[in-house]
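Structure incoming, see below.
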Amino acid sequence: MFAVEVRDHIMIAHSLPRPVFGPAQGMHGATFVVDAAFFTRDLDEDGLGVDIGAATTVLADVLKPLNYQNLDDLAVFKDTVTTTEVIAKYIFDQLADAVAAKRLGPGSHRITRLKITLHESHAARAWYEADL
Amino acid sequence: MFAVEVRDHIMIAHSLPRPVFGPAQGMHGATFVVDAAFFTRDLDEDGLGVDIGAATTVLADVLKPLNYQNLDDLAVFKDTVTTTEVIAKYIFDQLADAVAAKRLGPGSHRITRLKITLHESHAARAWYEADL
Amino acid sequence: MFAVEVRDHIMIAHSLPRPVFGPAQGMHGATFVVDAAFFTRDLDEDGLGVDIGAATTVLADVLKPLNYQNLDDLAVFKDTVTTTEVIAKYIFDQLADAVAAKRLGPGSHRITRLKITLHESHAARAWYEADL
Amino acid sequence: MFAVEVRDHIMIAHSLPRPVFGPAQGMHGATFVVDAAFFTRDLDEDGLGVDIGAATTVLADVLKPLNYQNLDDLAVFKDTVTTTEVIAKYIFDQLADAVAAKRLGPGSHRITRLKITLHESHAARAWYEADL
Amino acid sequence: MFAVEVRDHIMIAHSLPRPVFGPAQGMHGATFVVDAAFFTRDLDEDGLGVDIGAATTVLADVLKPLNYQNLDDLAVFKDTVTTTEVIAKYIFDQLADAVAAKRLGPGSHRITRLKITLHESHAARAWYEADL
Amino acid sequence: MFAVEVRDHIMIAHSLPRPVFGPAQGMHGATFVVDAAFFTRDLDEDGLGVDIGAATTVLADVLKPLNYQNLDDLAVFKDTVTTTEVIAKYIFDQLADAVAAKRLGPGSHRITRLKITLHESHAARAWYEADL
């Protein structure tokens, strides 16, 4: 299996209003450094799994509506607790839609799997990985 | 599959008294930067795979008896060659026990897999990953 | 010159309500990975510039009132634009006070300089460095 | 599953003469920081999956003919577009041959899988992972 | 002293045709991950040393003519051996010109010093740092 | 000022038998990832501050007698507490001797300053920096 992974980041505010989150129940924030990996079983005739330029552009497009936002105010996260895992899954779903819409170029149909990793600090990260 | 991964470290001495280890047969040591990943198939109603705080605490608890030790002196490693792989497997087993004992919180039963990575330098690391 | 540097992090929300900040004028947030370096001209009789354990504890103490907070709500930042540079200087001042109060141990008087670096993403950081 | 991963790097020139590569069609270059992971189901009687020293040596041997080269001039890449993915697969094949030739030591037969990761910048990487 | 540092990268080919470079005399290449630090003695009324957005844009502008190029073909490097140090100094000079031209915003005059670091691999880097 | 910095590492055991070290008083160990920076005011006619190859070789030569050792057994550290700071200074002195002996090549006399950084974990490091 081949994979191409590109990195970007978002800086967001949110609250996690459930007792389990202790001091993180109030309004706070995070930088999420986001790695998006696109998996393919083979390469196209140009030697590409996914074009890194296209992957970078699509990831930036997906992240833009989240960047510099208070996630508590976004309709897409209404009644949702925006943990790192939940945001990873949300970005996964958005990128899966982009793959389905062939926004990763003519070889989009060859992408069979995605892995989205969110680094929330130097000491913690979470990811969601699944077949498309 | 979701995963939450937390990082900590230990600083240990040990010897590797077998000919294959060449210059590492004598007493020397290592900092192991330890990444522990906890995998779940879904998230709980708080949006959590595993609580990062609980994961951090349990990893610290597991590492504490190893930190600042000479592994050659520890009963748990008697007659064992404490390679990076062996220590990764030992930490895996300890964390698997913690999961079984529900020390990762009420959602402990949802953890299906662990991956334990030990970085021994900027140029080498080893890991053990398996289903529980 | 010797230096000992320790790392910790905070996860905060804030707004930057000035036109120059463009999309960052609204409520958003950041993880700041914080490196605090303590400089000394020489070492004490135990071979220490600063005890890494003490440095880690004091840095954690200084960061605790900021962690998981909305900086817009904190009295210490009233009428202040909490840029990365401003927060670096604030942490510098707090650590300078800790040094003056000998909270870094009996050798605190030997610390002549501090450098506080805040990494706000994989692609940007800021620091403040000055003599005490 | 156990894995041992070692890191090295190469500095190469190449061109990517297909329209999809846009500004990268001309002669340019890259540093590839290469991580090679060797997977085994169990450990030998010395506690090893693969000897890190042997893995480091074999990886260096495989990279040497590529390092400081213009890949456009190498016979092994004739009529090949040397994308990051293609080079990852090439290094995989070379290491698979080394495993088959037992160049990883007496336990070479125990290696069941390889993962070769090429970091081309702080923001992009690609890998090829497969069973042997 | 305050500093704001931003990161970008270039992927270039070049040759180093002098005997001292041994295997690097021929055409090869590098990814240079570039950190540009802008130093100021104080902050402006918005709490800024340098605006990170402006710094990122100006660094990208300076790097663009170098990215994906064969440096041997560029007029600016005619009769120059393009070592990592030389390229660091070249980027320094370009950024110094940008500061002088007030391309870093109205506070450009407050920038007193630059440090340009080029990481050529995980194991080597070079920098040039000087007052303006 | 120019600088060229190269990275290597050592894996050592030692004890720190003074009360201030608490749990680190007994035999334990560390991986020290070592960065050695060589400063020059200008570049030679080949565009070099220091040749990275020569710097890498000399650093490896200096580290070799320490690697895989129990520092408590080494004559050079007799009656010395081998803190990270002390080892950084020791490596500085060895590299300063190498510079004085012109082991960094014909341009050795141009090196005016060294900075030796020892990373002992992902969360702590120490350095010694001084003019020659």
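Details
In this document, chain identifiers A, B, C, D, E and F correspond to the written order of the chains, with residue numbering beginning at 1 in each.
Going forward, contacts are C-beta pairs under 8 Å (C-beta built on N, C-alpha and C of every residue); 3 or more make two chains touch, one makes a residue touch a chain.
Note that the structure is predicted; figures quoted are calculated from it, not measured.
Chain pair C-F has a twin interface among D-E, B-D or B-F; that twin, with over half of the contact pairs alike by residue number, is B-D.
Here chain B and chain D face each other with different sets of residues for the most part; under half of the interface numbers are shared between them. Bringing chain D onto chain E by least-squares fit of CA atoms involves turning it by 180°, to the nearest 5.
Centres computed as Cα averages put chain A at a distance of 27 Å from chain D. Rounded to a whole number, the gap between the C-alpha centres of chain D and chain F is 30 angstrom.
Each of residues 7, 120, 122-123 in chain A touches at least two other chains.
Within the complex formed with chain E, the residues of chain C that make contact are 18, 20-22, 80-86, 88-89, 120, 122-130. For chain F in complex with chain E, the residues that touch the partner chain are 1-8, 43, 46-49, 51-53, 56, 105.
Partner chain A is touched in their complex by these residues of chain C: 7, 9, 11-14, 23-24, 26-33, 67-70, 73, 119-123.
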